[in-house]
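What follows is a set of structures for review.
Two complexes are shown next, each including subunit A; its partner changes from subunit B in the first to subunit C in the second.
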Partner chain A sequence: MDEPTIPERAHPRGRGARQTRLDIYVDRYATRTQRMKASEIRALFAVASRPEVVSLAGGMPNISGLPLDAVAETLGELVVDRGTQAMQYSSGQGDPGLREQICTVMALEGVAAHPDDVVVTVGSQQGLDLITRVFCDPGDVVLCEAPSYVGALGVFGSYECEVVHVAMDDQGLQPEALRHTIDIVRAAGKRVKFLYTIPNFHNPAAVTLSAQRRTQVLDICADADVLVVEDNPYGLLGFDTEPMRAIRADGPERVVYLGSFSKTFAPGFRVGWVVAPHAVRDKLVRAQETATLCPPTFSQLAVSAYLANHDWRGQIKSFASMYREHRDAMLAALDEHFPTTASWTRPAGGFYVWVTLPSGLDAGAMLSRAVTARVAYVPGTAFYADGNGTTAMRLSYCYPTPERIREGVRRLAGVMGTELELREMFGATGPGLPSRGYSSPNTDLT
Partner chain B sequence: MTQRVVVLAGGLSHEREVSLRSGRRVADAMSAVGVEATVRDVDSELMPWLRREQPDCVIPLLHGEVGEDGALREILELAGAAYVGSTPAAARLAFDKPIAKQVISKAGIRTPASVALPADTFREVGAASVMAALVERLGLPLFVKPAQGGSALGCTAVDSAAALPAAMVSCFAYGSVALVERKVAGVELSVPVVGSANGAEALPAVEIRPDGGVYDYTARYTAGATEFVVPADVSEQVATASARVALTAHGVLGLRDLSRSDLIVDTDGEVWFLEVNVAPGMTETSLVPLSVDAAGLDLGQLMATLAKEAATRGPRRP
Partner chain C sequence: MDEPTIPERAHPRGRGARQTRLDIYVDRYATRTQRMKASEIRALFAVASRPEVVSLAGGMPNISGLPLDAVAETLGELVVDRGTQAMQYSSGQGDPGLREQICTVMALEGVAAHPDDVVVTVGSQQGLDLITRVFCDPGDVVLCEAPSYVGALGVFGSYECEVVHVAMDDQGLQPEALRHTIDIVRAAGKRVKFLYTIPNFHNPAAVTLSAQRRTQVLDICADADVLVVEDNPYGLLGFDTEPMRAIRADGPERVVYLGSFSKTFAPGFRVGWVVAPHAVRDKLVRAQETATLCPPTFSQLAVSAYLANHDWRGQIKSFASMYREHRDAMLAALDEHFPTTASWTRPAGGFYVWVTLPSGLDAGAMLSRAVTARVAYVPGTAFYADGNGTTAMRLSYCYPTPERIREGVRRLAGVMGTELELREMFGATGPGLPSRGYSSPNTDLT
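Now for the complex of A and B:
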């Protein structure tokens, strides 16, 4: 090996000046790519993945209760009995048998769909991507709740859509605000392509759209000729009540429905689905074929075999019972440690609590202090496309144990106390510095 | 015989992600020149692991506290490992920006006027009056940064007194002591130094031109967001003066093997010292690899040479 020699003198003009941006493709990226930038907050989440940090940030399902031995047996049989089929290409629309089973799952929420209406996707996240690809041109308006799912905002951003938020309260989307927003957007000469809504145990707001409002939302959108995209990953994970009737159940021609096995079984298979009116479905299948040729056959058959051979309804109840314990731990810890000047939702299902901070605090600016104290959360601004949400944060209780949840909330309360005291001391009670960027959607994996 | 080198990267500081990228890049560059280089995180198993594996040399590339404040180097010495880079005492001195500035200032190098204060002092004396006095003493614009830390985390340029409170809060989110410094306008340069004591040499200065005018975290780690000129587009005189400042900082702080000094050249061509890093970034968008390349060197071979020298030097004996 040739040994280098350390230079014997300074090299002020060694090789002739070179100008570089360290990215030779810098002037070639699409407009939508140019907003993808490194951010401090993303860097902080790199620390949150370490075991020393209690992460109340991510939305990872807790699948420690799955009967892995039984699942292993099912998967083993799949390989032995149908291995060459499971490892082969398959239909772009998805496995017909799985699509039938999906219809059985959706029947629990009142959706009467035919397997032909179903398109299997790589998680419902890909369903969202395909829907946006099929419907949206740059500049088209998508209506979203305020706040909305960070991963959806990422998809809409990547297709250069304009997101307009619609106000919510403790019963979910406000119908009057929806009507008013549609009018305003139209008055501005813009076209609303669809309303994106998460009616059950909302991520991140943790509220559920009431039955009465579901009808109102459907009527308003029908009157205004606006498609509804209903995203329902948590609907079967209620703690105290039977599943609510899906919006799609009462408006099959007006609603595209997104479902997922990520929370009711396991996210690693990446199997979700879309149910859409016929014309839309055909376009989604074409889009799916372009994107992936077909959704992963092995994953589909694995999920199908799981549904056929296991008490999946019982497993969902068992998951819900575990999440209920986690929620109880978080709410009790919040009641005990958080100041009375903060407020938070009390979810009846799902994974999250939405906290509104005491006046003067900025959740984004506080995150570095929290990570130093070994606790992480997602700042509220992640869930808005318009910069709102500075005084809110999302806490997830799905993955950590109740003990870790209690410890995390205790640490967070300490962080909040210090931050509040510092801000009062410096008289810095407004939002933090505007430069703090945010990139989606990886926080849900943290 | 093939060198067995362990690159330590990751850790629990706010710069974990940057460190992991630095570590991967250095390990890859060294592997490409025939060194057996692996990347390892720092955790509770590190000491027994080092004792068991006994690598020829360790390259600590943790950024931020622990990695740069001397603590990790103390651990390496306790574990009896040879390592590339400055001693614990020198790293501690360099990592504390106010102290480093003071030492360097005494060596006759210009550094912007500054005041370092812990949060507790603002609490005890009254934040409003202290902030008013800071503006009065140092003038505007100011630059507020944590006394310890890197990657511009918690750093804010302050153009008005009204913007100072938010900048202070942001700074104290990253550390307990703030360095409030007069902001010098000019060309931003970064100058790496390799070697030790009498053998230290400066590599070509890198000129930094961030698109948004501020070399913040986004400008540092988004490929394409900053234009670099290397060697810097400055006169021979300024280039020589910059090299001299970086070499002086390296020397008076007692640094070893590798450091990187961040400087500003004002409109009169005067060179100002801002800070020095003992574990400078080695990512795809970092400055040292650019400078190494401009010097006609190979990063992997340079690191291999430093590792070989460190292995020859051996662990510090009690």
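Now for the complex of A and C:
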């Protein structure tokens, strides 16, 4: 392409000018849009993306281990051999061959799905969007773990759902708390549309739902006639054990299951999927057609060709081994540098560590000082719809090297030490980031 | 990938069994989902996709002219040189380099946009979805041409908007009808959220909004403070003339513009875009992040590399020349075979011819007989939200070869002749396809 001609702006707008510029459309947005809050975290992350800052905030997978030459050859062959198919519109449900392969992937976690039950989505984020679109009217209740995935909270907020959190502990969602919460919500005359849960290597809590509890959760939801939405991006990225049996494996009519190739292959193709009971699947396909006509054909056939031509199981093991080293580096650094009055989870897989700060510290208030000290994290409040999480933070070890992880934790411990000293001298620090409405997720928060 | 193990279904379900199977979730879908109608057309199109049927229904571009070897080389280089970027998460707004190139493309139609004003979408279908998501609450009115793009009607229906049609003639949308309709809607106490218009080579009406009317439409919408959503997938695919000046070119703060690479390059990457006033752009980015985190990075960089390495302007001219031959074949066949009591548009670009049937014929009722005679089209009612269009049909000439187009028109003329004979002998034919609620579009209808 010749050099693009970018017109000069008639009225050049600096950042400040933009902020104060009048929005002539301000009174005509939908209610869902008006409820969207400006994200203070987003502004800070713009700073945090500088190379000198160690980001323990982002959820970007580290894909530097992918065999680029081999993938290039596979994609080149795809274009030459099937280019007019790969670059054409395709089915709203997704490529049939890829859907077969997805069933093979899910079989590793005990899911016996038929390709006909699978809907391909633009990443599993779009799966969440379509499920909520199909099920939720404004005011409907969605049950979520406390804390929960920020991107899911963004979706539920955008459909004007009410999120009600359910307590977790180190074995994951607490069954009795679930039962109790359903009762309370119903006693208040509200409709529970579904339970949203991340059973494996939870984002952000970094715990895994025990096998016994999976059965209990399914039983409780069956008794109460509540649909389960099982989000499982990390299930194959365990460090020490074989993959656990998915909740969907024992409740095919009760569970809508979300999967993704973003963490087991690469996120840039945006290929995820939903497995749903037949009638729900049908609605999801219609919703997908309305949203995009069809998910990207090229992405789907690229992932399909990768699965067909490459040792994808070996690649997943290689990813898991790399993430285990990263986790080890983070846990060792936390043990070495963090105060004993802080506590944190010790993940057996996935991308994250969830830290509970020493009493009196506020992770939101501390973030700007951390970024000044060249380290970033996500404050706990991002993972709650109800303002909780002020004393918590999520640290991610997925993307940075072990050296950077150690350095980041060391810097963060320094910031925390200063905070604790200040607190001792002057009392409580300032208030955290406000939480109201909902914010959209971004790739720093996945 | 080794051969996938597809589990046997515990209860094998044939097509009939599925249709009658009880949906245990039937009482918990969102209102928007309950309003979605089953599409009789969809079932017919399943039959129409057989190779012996000439489909004049689908809107698939004919991409057989793309230089596959060269595209394969470009994509292979992309993976080798920038694979870890192309396969990674990226900005919710879209790749900055691609957004610059998009501005160069739009400059061909007089649009002087800045890359910062552009949001990349998963095809322009998703652009429609995001715009409606940002602006429309249930009950809000969207003004559409009569007829209008079926995929847009699907989106507006899914957000529970009320579609009000505005009359067109052979110069496109009628300005006086627009002014009058705005007045009527407002007098009824309803909110008009925007006018949705396809100014160039309209889908399905195949007419183009004249330059004079573009000014009038913009003036009317400015007077009435109505936002214009300009959907322009075909603007560069004119057969005889230079591209016309976009409405957006003269109303940057009044117009949200939708563009797409689906017809000028290839639809399988699903890369479209929206250009919007700054404040609206900001909302669209948030909506995109909630919907997908980010549009597919690989698709974006693939399109970007194609634009950088290939003669994309020459390719568009080559596509236009091919489509002109197809149009000529269709118009010649219509002139030869169709009854003089039918009438049709003579498109100067784009993919479609809009046919008005001889008095008394019903295009919906006739479709099953046409499919039996091995030819398919889209009945006019698909392009109206209000049940109109029974005597019209959309014929597409984009995908089939000129030979197939001639054969399809010949078969269709035969069906129509039989219908007219029957009508003469027995009176009116049966009722057309019912129109209620909204249906999702699919790739047969783009």
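The rule is simple: the second predicted complex is superposed on the first by the 408 of 446 C-alpha atoms of A that agree within 3 Å, B and C clash if a C-alpha of one lies under 4 Å from a C-alpha of the other, contacts with A are read in each partner's own complex, and residues count from 1 in each chain.
By definition in this document, a residue touches a chain if its C-beta (ideal position, glycine included) is under 8 Å from a C-beta of that chain, and two chains touch if they have at least 3 such contacts.
These numbers come from a predicted model, not from an experiment.
Engineer: If you stack the two complexes on chain A, which partner ends up touching A:158: first (subunit B), second (subunit C), both, or neither?
Structural biologist: So A:158 only meets subunit C here.
Engineer: For A:340 in the superposed arrangement: first (subunit B), second (subunit C), both or neither?
Structural biologist: In the superposition, A:340 touches no partner, neither subunit B nor subunit C.
Engineer: In this superposed model, does subunit C or subunit B come into contact with more residues of subunit A?
Structural biologist: C
Engineer: Of the two partner chains, subunit B (first) and subunit C (second), which one does A:52 touch, if any: first, second, both, or neither?
Structural biologist: first
Engineer: With both complexes overlaid on chain A, does A:241 touch subunit B (first), subunit C (second), both or neither?
Structural biologist: neither
Engineer: Examine A:292 and indicate which partner it touches, taking first as subunit B and second as subunit C; both and neither are also allowed.
Structural biologist: A:292 sits against subunit C, while subunit B stays out of touch.
Engineer: Could you say whether A:302 touches subunit B, subunit C, both of them, or neither, answering first, second, both or neither?
Structural biologist: second
Engineer: Considering only touches as defined above, state whether A:23 meets subunit B (first), subunit C (second), both or neither.
Structural biologist: A:23: touches subunit B and subunit C.
Engineer: Of the partners subunit B and subunit C, which touch A:366 in the superposed model: first, second, both, neither?
Structural biologist: First partner only.
Engineer: Looking at subunit A, which of its residues have contacts with both subunit B and subunit C?
Structural biologist: 1-2, 4, 6-7, 9, 13, 18, 21, 23, 25-26, 29.
Engineer: Over in the complex, which subunit B residues touch subunit A? Could you list them?
Structural biologist: Those in contact with subunit A are residues 12-18, 20, 33-34, 119, 122-123, 127-128, 131, 151, 153-154, 156, 165-170, 172-174, 194-195, 199, 201-205, 216-218, 220-233, 236, 239-240, 242-243, 247, 284-285, 290, 294-298, 301-302, 304-305, 308.
Engineer: Which residues of subunit C touch subunit A in the complex?
Structural biologist: Going by the criterion above, the answer is residues 1-2, 4-7, 9, 13, 18, 21, 23-26, 28-33, 36, 60-61, 63-64, 66, 68-69, 71-73, 75-80, 83-92, 100-101, 103-104, 107, 112-115, 122-123, 125-126, 129, 133-137, 140, 151, 154-155, 158, 191, 193, 227, 253, 262, 266-270, 277-280, 283, 285-287, 289-299, 302, 307-309, 312, 439-443, 446.
Engineer: For a test of understanding, state which residues of subunit A touch subunit B in their complex under the given definition.
Structural biologist: Touch residues, subunit A against subunit B: 1-4, 6-15, 17-23, 25-26, 29, 37-40, 42-44, 46-47, 50, 52-53, 365-366, 368-369, 371-372, 419, 422-423, 425-428, 430, 432-433, 435, 437.
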